[in-house]
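One chain, chain A, links the two complexes that follow: it is found with chain B in the first and with chain C in the second.
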Partner chain A sequence: MAVTQGEAPRESFRLSMLLYDTRYRSYTIQIFALMLLMLGAAWLIDNTLRNLQALGKDFSFAFLWNVAGYDISQRPIEYDSTMTHGRAAVVGFLNTIILAIMACVLATVVGVIAGVLRLSNNWMVARLMTVYVEVFRNIPTLLWILIFGAIMTEAMPPPSAFRGDEPTASMAFFDSVAVTNRGVYVPAPEFSRGLGALDLGGVQPSLNAIAFILVVALSIWANRRLIAHATRVQNATGVRPKTWWKSLLILFGPVILLLWALGFHLSYPELRGFNFQGGIHMRNSLIAMWLGLGIYTGAFIAENVRAGILAISKGQTEAAFSLGLQPGKTMRLVILPQALRVIIPPLISQYLNITKNTSLGLAVGYMDLRSTLGGITINQTGRELEGMMLMMLIYLLISLTISGAMNVYNSRVKLKER
Partner chain B sequence: MNKSTFLGTLAVGALAAGIASAQTLNDVQSRGELNCGVSTGVNGFSAPDANGVWQGFDVAVCRAVAAAVLDDPNAVNFVPTTGQTRFTALASGEVDMLARNTTWTFSRDVDLRFTFTGINYYDGQGFMVDRGLGVSSATELDGATVCIQTGTTTELNLADYFRVNGMDYEPVPIETNAEAQQQYLAGACDVYTTDVSGLAATRASFENPGDHVILPEVISKEPLGPLVRHGDDQWADIVRWVLNALIAAEELGVTSTNLAELAAGTNNPEINRLLGTEGNLGEMFGLDNEWAVRALAVGGNYGEIFAANIGEQTPIGLARGLNAQWTQGGLMYSPPFR
Partner chain C sequence: MSDTHAQTVAFVRDTMIPEQVPPVTERGAVKWLRENLFNGWLSTVLTVLSLLVVAWMVLETGPWLMRSVWDAGSLSECRRIWAEAGVPAGACWGVINDRLHQLLFGFYPPHLYWRPVLALALLLVALGPILFPWVPRKLIWFSAAYPFMAYFLLWGGSIWLPVSAALGFVVAGAVLVLLRPLGTLPATLAAFLAPLLWWAVAAGPFASVMSDLLPVGIEFVRSDRFGGFLISLVIGVTGISLSLPLGILLALGRQSDMILIKSICVTFIEFIRGVPLITLLFTASLLLNYFLPPGTSFDLILRVIIMVTLFAAAYMAEVIRGGLAALPRGQYEAADALGLDYWKAQRLIIMPQALRIAIPGIVNTFIGLFKDTTLVVFIGLLDPIGLSNAIRASSDWQGIYWELFIFIGAVFFVFCFGMSRYSMYLERRLRTDHR
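What follows is the complex of A and B.
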């Protein structure tokens, strides 16, 4: 670099330039704002510490290792009242995750179907979907949760109605599913020659489930290889080899073989004592939360889907029709893949909403993170500040994880610009 | 959902300054109103009547304190709290005292930093079931679905009782007594468990109280009483001795009918000290000497309050039992006014 010396007189820096010189003024303002922010934070922290001291409370998370003493109805991992508050919080966390996943799946399915049908040419169907969307998204989600909860407790028969020689209620689906006012009992998968469970110090994942997931994943991978191969052959010769029976065999053969080898059978719920025993018990609280969150958020997703589809120019549909594609295939192969780009970003925030709204679980007694750590534990130990902060941190981490994963998916489906 | 928890955290965390100092009496007097935490509605103990006026056994304690401190039994702002929100409400200063079927336990006293100012009802946890179930003992409840109020000692006692007896149960956690009542009546749970007095009060409000039995087992000790925050001994003393005054008055035979007559002076020095015609007990904790007269004028002595709200003549129909005076074989015993 050529250096020219002594041409422009070097301006000496004066303090007033911090205010009047546009080159420095923005720095001044930013530093000033930062200092204000830090002062505010320091004041909050100082005030908190001083008030804690005045109340005679310390700041400690040691309560997480104390015995909890309370029971939790829905336990994805082993838990009883002699275990710790920390363990109870983990149970609550898993319950939150289970509910969030179930509600996200339901909301997506309901939302996509309703969104597509709302654009249907069938006047009746389109209007029905409009009614669904407008009714559900304009009533608070808490009310929907309470309504579904009330329907389950008030309208369903008690377990005792299934008893006796002439029961007033009977089980659905060939005596396999019992719908009671205490929840829905569905058959549970069981293995007579099971592989047992891994012991990972406190958590015991079932080896059966791991084997099942592995086999399914392998089958799907093999099937994709098969289809890729068929595409290569088609590109080379112009004739696509028949793959459907091979696909069926690859997808279902190994799984059926595995289930048979493990001695798979269903255990049906049975009325014993006060309640049904056996099977999987989906409690009222879970069902109310699942339907409430899923169908409520589904209405928002339906609007996102509709917006996404309408964003694709009509020319695309006309072009697909002129190539001879049927309406169903046009939607599946031409419109939806392009619409996904518009749909995914708002979908992320809907998933985040569902996850955060699971904290309404207390309203129907669903034992999620809010009810265990943020409810009973805080109440029994008096650690409001620590409990609330821990809970906020966990919800933050869950939400950031979801939005990170969805952003990765979004970058895969978005328009590739080269 | 839980506004108090949130506000409490906020308050503890940031806003309220110096709430634990010995200021409660001044605060209450300058505010002209007592903030009293009560339950969200248990008939006989604390529930609004048809005119929206809070009535009940616990409410009477609040009113007696308000009368002693503010000379107005109606200068009470009743704050309904759930099992989960009550402690935060008290710790954060949202209420000045709690009178809400709250069990005196070690950890609440020591770790949660509250001062229990006495016991106004000796209770124990029991079970209520539908008569049609044919259950006659709590030991037959293996596998039952049990409705419980979360954030209470009953939750912990229940877990202990079923574990010790090797039985299984399905807990249905519920926030308030009203919700629990509705769930129990809808048959969403076989059993409702809470303190026996609460069961009796809840059953009394059923359409057919006779269809429900309270099982004979009482599985815990539940001494219920009013409580205040740690750190303000003057205020704790006031609440404690207002309650003691109600209890002592029954023992000494001071009732709402003879109160005016006895307040003029008697030949019993203890009554004179209690009612302020002798000595200066009231001045010792920052009130005047008429405080006990005002507290007793509201609803009479402990026995009268009991009889009017939850006694055998009321729909709730609780016998005095452990809550009789010590002279009658009960546990109600006030330290002397001296």
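What follows is the complex of A and C.
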């Protein structure tokens, strides 16, 4: 039998190979898809241009520098109706962020408590938490927001109920918090020897806040150094020096000193005239959104927390016990680090959901990014295309930032396998 | 042996002591209470706290519910009834009685209520073969025809419009069968293009010619007459049934080796997931006019359905991608080793397993989509929440909140809770590991 040597006969390229040969077929499909995509994009852009021309509009973002002419009830930075649409959008953006952070904190606290309690041996508590989770998960957010809004405006006492010799309502927490149908009044931090504010043209960050953040950051850094030093000493000598009182001193001493130096005190809300004055006024819209989003999302977080704890096999607890660890240390050193790996990714995607759901603020009149830039500004200027694009871009940037942070976290805690 | 034993101990019992009842703290209700409610001080505190919470809720809402009034035409009538009975205000369920039809159907013509009701009944029949294995398999053809029947029942008009739309799929099937000898890929491509051609060129004339020849039809109902739970169900059911196949395609595209296809899918998914649904709905209502050829306009409900479907499909794609990622690599390799081509491997090996893993996530996405149908209130469609605002704006029912919220919430709860229970049943049914 003759042994064939050398290469197989080279197959020449035929046109049908574009369809039948798997080596080329993927290129055919991709080029086909690219053509479709470009055709579609060209069609959309062409339509948009022709529509804009027919309406006599151009495509420009100059409207952001025009006078807005509308008021915003909740202003984290200085704003009035003579300022620009751009400024109004920034105010709305800040309101969105404030609400998102508040709701994330509330949802985490509620969710972790409910998730842990749902696993409790206590029959009553576990059932109660199951009812909470199922009721809140299966009814739309929007309805919850409206319900909390209605509770605030309809079921809470008016400020006049706090007046008189025999008031029908009283302030909570040692006369410091007033819950009325016009909103909630809480004490505000004030500084009698404050440092004033920086003037950065438009925004005026408070120097007090900056000093506070700086001092806290420095103390945390110093405390880290202290603990690292203790670990080094332990590694060298086998004896860990006592650090808890030094930690306490480093963490709280400078902060208390700073607050004292700035003359920190709380200003309490007081009933003056027809309404409460002083303190921080949290409007009903903010409260309704905060409670609605926070407690609704808390039910989802509770499920994530429960799933995370259940995902850790019982063998881990038993192994820790057989090493002689106490139950508290078992939880802290063995169970939680593993459970967190399961809990945190869905937790962050819930934060993402909260941030996106803040756009429901319109339902109770909360002036977030969607109500300012995507609502009144669009209506006044007739710039739907530009306004919506800008708004979507901002939401997209927020989302991508959060999910980027999640990816960094995920890659840091990923199981290191061979 | 027994002798020595008898000498070392003075007494050996040769009968068992009769079994005694356990102490009272170790049996029956007391044991259960001790173990489940008062197991340690923390548990006791929790029990007391939760009892307080339950008692507070019952005391707050119980008397209010006890004073319910069912038969009243307005809130003032309710108030008069309470005043006559000399009790404080209670629940005025008269509003549900009075406006039930509106909450269910919106402004759908009352003499045509049988049409949505029939559509819903047929929906249950059509869902049967999809949801439960014991329903006869032949019914699946009814399920396939259902969307066109539902469209005809809900909107009405000439019967030839849904028929000509359905014929597109018949054309696709016919082309696929006829061109099979030419090879799979050309046949698939042709079967993909032929119905598009049919809808673009022939469907319109066919429908108009047929309705001239044989005018069959029922009364046409405009989209702005739709409202209430009817609109939630129409958007929800359509979105759910369209987002699953679209989500599967997107997930496969994202896993694909083809760079271009992959990047298109990733961009689409990340964009949709990055913006709130409400901005997409506003795009549907405000911006779509910019993107379409001048002068075209199509139904708002249809636009909303498209947007909701795209939105849910992006989330669905991520859920299914999770299912695909959880599948061991060996399954892909085994499918390749059997010589299955890509689509056969997906259809027979990969998808059945990946979808089973992803069931909880898929159903969660469905539930989310159904709840999100309430957001259409922001673009002026009268879903239940929009109607509750409208009812409150009427002089009869000004100031009524809780009764409407409770009713709407209860209906949503029933649907969503039902879906989540079904997903648990499905997981149990499809579980193939050790049982």
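Note that in this section the second predicted complex is superposed on the first by the 381 of 418 C-alpha atoms of A that agree within 3 Å, B and C clash if a C-alpha of one lies under 4 Å from a C-alpha of the other, contacts with A are read in each partner's own complex, and residues count from 1 in each chain.
Keep this in mind: contacts are C-beta pairs under 8 Å (C-beta built on N, C-alpha and C of every residue); 3 or more make two chains touch, one makes a residue touch a chain.
Because the structure is predicted, anything quoted here is derived from the model rather than measured.
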Taking the superposition on A as described, I'd like to know which of chain B and chain C A:W65 touches: first, second, both or neither.
neither
Applying the document's definition of touch, where does A:L52 land relative to chain B and chain C: first, second, both, or neither?
both
Looking at the overlay, does A:W260 come into contact with chain B only (first), chain C only (second), both, or neither?
neither
Applying the document's definition of touch, where does A:Q30 land relative to chain B and chain C: first, second, both, or neither?
second
Of the two partner chains, chain B (first) and chain C (second), which one does A:L44 touch, if any: first, second, both, or neither?
both
Touching A:R272 in the superposition: chain B (first), chain C (second), both, neither?
first
With the two structures laid over each other on chain A, which partner does A:M388 touch: chain B (first), chain C (second), both, or neither?
both
Going by the contact rule set out at the top, does A:Y409 touch chain B (first), chain C (second), both, or neither?
neither
Is A:F252 contacted by the first partner chain B, the second partner chain C, both or neither?
neither
Footprint overlap on chain A, where chain B in one structure and chain C in the other make contact
44, 47-48, 50-52, 54, 142, 154, 359-360, 362-363, 374, 378, 384-385, 388
Contacting residues of chain A [partner chain C, same complex]:
19-20, 25-26, 29-30, 33-34, 37, 44, 47-48, 50-52, 54, 117, 120-125, 128, 134-135, 137-143, 146-147, 150, 154, 356-357, 359-360, 362-363, 370, 374, 378, 384-385, 388, 391-392, 395-396, 399-400, 403
For a test of understanding, state which residues of chain C touch chain A in their complex under the given definition.
35-37, 39, 43, 46-47, 50-51, 53-54, 183, 185-186, 257-261, 264, 270-271, 273-279, 282-283, 286-287, 289-294, 367, 371-372, 374-375, 377-378, 385, 401-402, 405, 408-409, 412-413, 416-417, 420
Flag every residue of chain A that touches chain B in the complex, lowest number first.
44, 47-48, 50-52, 54-57, 69-73, 80-82, 142, 153-154, 158, 160, 181-182, 272-275, 277, 284-285, 359-360, 362-363, 365, 367, 371, 374-376, 378-382, 384-385, 388
So, in the complex, the side of chain B touching chain A is made of residues 1-2, 5, 8-9, 12-21, 83-84, 87-88, 91, 107, 111-113, 133, 141-145, 150-151, 155-156, 158-160, 162-163, 169-175, 183, 186-190, 230-231
